[in-house]
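Below, each structure is written out as C-alpha cells.
You will see subunit A twice below: alongside subunit B first, and alongside subunit C after that.
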Partner chain A sequence: MSSIKLRAVLALSGLALACAAHAQQAAAPKKPAAPAKKAATESKSAISAEFEKFREVMEDASPAELFEAKGEELWKTRRGPKNASLEQCDLGLGPGVIKGAYVRLPRYFADADQVMDAERRIVHCMVTLQGFKAADLGKKPFSSGSGTPDPVSLVTYVAAQSRGMKIAVPQKHPREREAFNVGKEIFDYRAGAWDFSCASCHGEEGKRIRTQDLPNLSTKKGAIAAFQSWPGYRMTGGFMHTLQWRMNDCFRQQRFPEPGYASETIADLLTYMGVNANGHVYKGPGIKR
Partner chain B sequence: MADPMRIRAVAKDGATSVKILMAHEMETGQRKDGAGKPIPAHFIQQISATWQGKVVLSANWGTAIAKNPFLEFSFKGGQKGEKIQVTWTDNKGDKRTDEATIN
Partner chain C sequence: MKIFQTSIFGAAALAIAFTAQAGDDRAKASAMMKRDFHAKGIAGMDRLNEDGLQALCNRSHNNPPKANAERLQQDQLEAIKYPADGKFLGDWKSGEKIAQGGRGMTWSDKAGQANGGSCYNCHEIGPNETSFGTIGNSLRRFGKTRGNSPQMQKYVFGKIYNAKAFNLCSNMPRFGHSGTLTEKQIKDLVALLLDPDSPVNK
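And now, the complex of A and B:
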C-alpha cells in the first residue's frame, strides 16, 4: 500500500517528461512501425480496455459518490462567516436550481459580469453568500494528501445532479462567444519553456502519455471524452479531482506559469471544450485510472 | 466527524446482496510526510452489519485495506423494505453508523 503510494509520486514526476517525449516522437516523420513497437501499442490499448472493464464493474460503487454525499452536506449546511447555506446559489438556472446546471456551464453571469465554469461559480457563491475569502479558497484548491477542498466536493455534487443530461453549453451571449474564441486561442498558443500548447498533446489523434490515451479536444469525440471524465476519482492516490485541477495540471506539465484558481483563462478553455462536447449525454462523475 | 457511507442492499432469490462504500483515509502508519515525519496510522478496525437486530457480518480490519474501502457481501434472508445497519470503528475511536433500506 505505502509502496504503491510512493511509486505514484515518483511516476508523477516523470509524467511531464513523458509528455514531451511523445510529442516529439509524433512530430518525427512516420516510419513503418517495427513489429515489436506494434505489439507494444496493442498491449497499451489492451490496458485501456482492461481499465474500461474495471470501470464498468465499479460503476455501482464509484468512490466519487462519497464526495457527492459530502458535497450535498456542504451545499445544505449553513457555513462561513455569514452562516449561510449555498441553497440560494444561482448556477445559471435560477437560485437553488442544481438539476441540469452543470451541463450548461460555463455561461455568462450578469451579476458577476463574467463567464463562469461550475467551480468558478461555486467559489463565487461561497464568497458572496457565505462570506468566505476568495484568496483563502485559492490557497490550496486541489485535492492532496492533506484533504479534499470543499469546492471539489461541491462541484462533484453539482455535476452528479446533471447525470444523464445532454451537454448544452450556451453560446447566446456575446461574452460566451468571446470566451469560446479566447479559449480556442489559448488552446493553440505555443509558449513556455518547452514551446508547448494544449494542442501539442490534445490537438491530434492517437497521442498518449505512457499508457494514458489523450483525447483530441479539438474534435467532438475528444471533447466529449474529456467533459465526461471530470469530476473524477483518481485511483492513483485516491483523490477526487475536477476540471479546474485538470486544466491547472496541464499548464504545470507544459511548464507554463500556472493560471490563477477559478480564473478567466480556465473558464475560457472550458467554454471551448464544453461547446465542442455539446449534444452528448453526460454520465456523471466517474473513476479515473 | 466521519463522512457518510453509501450502502446498497438488494434482495433476490432469498438472499440479500449488500454493497458498502466507506469514506476513510486508511493510513497505514508506515508513510512519511513531506517533512520526513511518520504519518500516524488511521484505519478502520472493526466493521459490522446488522439486519433485524442480528449481526450478518462482522470483521476485524487492518492496514492492508485500501483507502475509501468498498465491501460487498451477501446473506441469506432479507425482504424488500427491511433495514440494514452498518457500523465501523477506527483505531482512533471514531465511529460511523449508516442505515439503508433493502430493495
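And now, the complex of A and C:
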C-alpha cells in the first residue's frame, strides 16, 4: 500500500470519528426547546463555524486523496479497447503535462475545435487515446451508491496537480472569449417552470437557501469560493463530486431539463466562472458540507 | 463641436454594437442549450423556451421598460384564478407543512405528487423554523403588521399564485400559474401568513 493510500485510509477512519463528534455537537443545541429564535439561529451559525474548523483540520488529510490516488493509477494504467494510458493526454500544456493544467481550464483545443473544461478534456482523451465510447462514459457520470466513475477520480488527480497554483483561465483565443460571453448569457437565462436562472440564486451578495450560503458567481469573491470547492468530497452522502455534477444538480433544482454531460453548455458556464476567479491561488480538491 | 458630435455618434454606435453583441451571444446560448439538454422525467425540453415575460426580463436584465412591464403585469394579473367560493383563508397548520416542503417540478420529482412551496428556502416565516433562506424578504408577523382584511387576503393569494403580476421580474416562482400548488394549498399558505392563530403572527 502506497503512503498516499495509507494516509487516505487513516484520514477516512479519522473522518468517521470526527463526523460522530460533529453529529453530537450538532444535535446538542437542539435539546433545549429553543424558545427565542435568536438563540437558535446562533446555534446554527455555531454549527457552520464548527464545520469550518473541522474542515480546516481535515483538509490536510482529506478523503479526496483517496480519489486522487485512484485517479493517478487510472491515468498511468493501460486501459480501454486501445490498451493505452492517458500519459499522452494533452490538457493544454502539451502531451502528458498535468502540473498546472487544471487552473488553466477551460481552454480552447484546436485538435477538437472546442472549448473544454477539465472533465470534458479527460473524457475526450479517454475516447481518442483509449478508445472508450463517449456515450458509455456519459451514461452514469456521477458518483453514487454504485461507485465513483473513472473520470471523477481522474479529474481529482489532475486538479490536485494544480494545488497551490494561481487560477489563470485563458481568454486569448476568440473562442475562449466567446465561451465566456455565452457562458454569462446561460448564467442569466431565466426559463422553466419556476422562471429561474443561475443568477436567481447566485447573482446577489450574502444570500442563503435555508442555511446554505450562496456564492455570487458573477463576482470574483464568489467565483473563487466555487472554483475552490471542487472537486470535493461531499459529507452529505459521502461522495466525491466534480464541477460537472455541481452544474447538473443546479440545473435540476433550477427546474430545467438535464444538461448533457461534458457538453459545451457546461464548458461555457465554467469558463465564465473560472475567468471570474482568475488570480486566486487554488488549494486543491477538498471537503464539502 | 465636431469632436463632441463625433464622440456622441461614437458612443451611440458603441452602445448599439454592445447590444447587438449581447443579443448574438444570447441567441447562441439559447441554441446551444436546446442542442445540449435533453428531457428527463417531468422536466421536458419545452422548459427551455422563454415565455413573453421571461424573454422581456432576460433582455432587460430584469429591469424592463415601464410601459412593457405594466402591460405584461396586467396580463399576469388577469390570468390569476381566484377561488370561486370567494374564501382565501385555509388551514395554517397545513400551510406550515407546505411552506416546509421543497419537493416539486424537478426531473427527480414524480408527476401527480403533492408539491411543496419551498417557502422556507427563501423566506423567514414562522418562529420555530430557524433554517430559512434570505433570497426573499422576512415574512415574520406578516399578518400582524399588515392586518388580514379581505383585500389583504386577496392580495396574498394573488401574490403566491403569481408573484409576477405584482413585480414582473420578481425572483419568486409563479406557484399557481405554473401548476406547482393547488388552490387549496395556496389558501393554506394565505392562512399561515394571515390567520391570527398562526404562529407567524405570534
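Quick note on the criterion: the second predicted complex is superposed on the first by the 244 of 289 C-alpha atoms of A that agree within 3 Å, B and C clash if a C-alpha of one lies under 4 Å from a C-alpha of the other, contacts with A are read in each partner's own complex, and residues count from 1 in each chain.
As a working rule, a residue touches a chain if its C-beta (ideal position, glycine included) is under 8 Å from a C-beta of that chain, and two chains touch if they have at least 3 such contacts.
Everything numeric here is computed off the predicted structure, so don't read it as measured data.
K.L.:
In the superposed arrangement, does A:P285 touch subunit B (first), subunit C (second), both or neither?
P.N.:
neither
K.L.:
One more residue to check, A:F196. First (subunit B), second (subunit C), both or neither?
P.N.:
second
K.L.:
Quick one: classify A:G222 as touching subunit B (first), subunit C (second), both or neither.
P.N.:
Neither partner.
K.L.:
Between subunit C and subunit B, which one touches more residues of subunit A when both complexes sit on the common chain A?
P.N.:
For subunit A, the partner with the higher number of touched residues is C.
K.L.:
Output check: A:K70 vs subunit B and subunit C. Expected answer is one of first, second, both, neither. What do you get?
P.N.:
It touches subunit B, and subunit C stays clear.
K.L.:
Kindly classify A:P170 by the partners it touches after superposition: subunit B alone (first), subunit C alone (second), both, or neither?
P.N.:
The answer is neither, since A:P170 touches no partner chain.
K.L.:
Kindly classify A:Q253 by the partners it touches after superposition: subunit B alone (first), subunit C alone (second), both, or neither?
P.N.:
second
K.L.:
In the superposed arrangement, which partner chain does A:P141 touch: subunit B (first), subunit C (second), both, or neither?
P.N.:
In the superposition, A:P141 contacts neither subunit B nor subunit C.
K.L.:
Of the partners subunit B and subunit C, which touch A:I209 in the superposed model: first, second, both, neither?
P.N.:
second
K.L.:
Between subunit B and subunit C, whom does A:E185 touch in the aligned arrangement: first, second, both, or neither?
P.N.:
Only subunit C is touched by A:E185; subunit B is not.
K.L.:
Which residues of subunit A are in contact with subunit B in one complex and with subunit C in the other?
P.N.:
Residues common to the subunit A contacts of subunit C and of subunit B do not exist here, since the sets are disjoint.
K.L.:
Please give the residue numbers of subunit B that touch subunit A in the complex, ascending.
P.N.:
3-4, 6, 8, 19, 21-23, 26, 28, 30-31, 33, 63-64, 66-68, 70, 72
K.L.:
What residues of subunit C sit close enough to touch subunit A in their complex?
P.N.:
21-22, 25-26, 28-30, 32-33, 36-40, 43-45, 47-50, 53-54, 57-58, 61, 105-108, 120-122, 127, 130-135, 164, 171, 173-174, 178-180
K.L.:
In the complex of these two chains, what residues of subunit A are touching subunit B?
P.N.:
For subunit A paired with subunit B, touching residues are 1-2, 5-6, 58, 60-61, 63, 65-66, 69-70, 73, 145, 238.
K.L.:
Touching residues of subunit A toward subunit C in the complex: what are they?
P.N.:
34, 37, 40-41, 44, 178, 181-182, 184-186, 188-197, 200-201, 204, 206-212, 214, 252-253, 255-260, 263-266, 268
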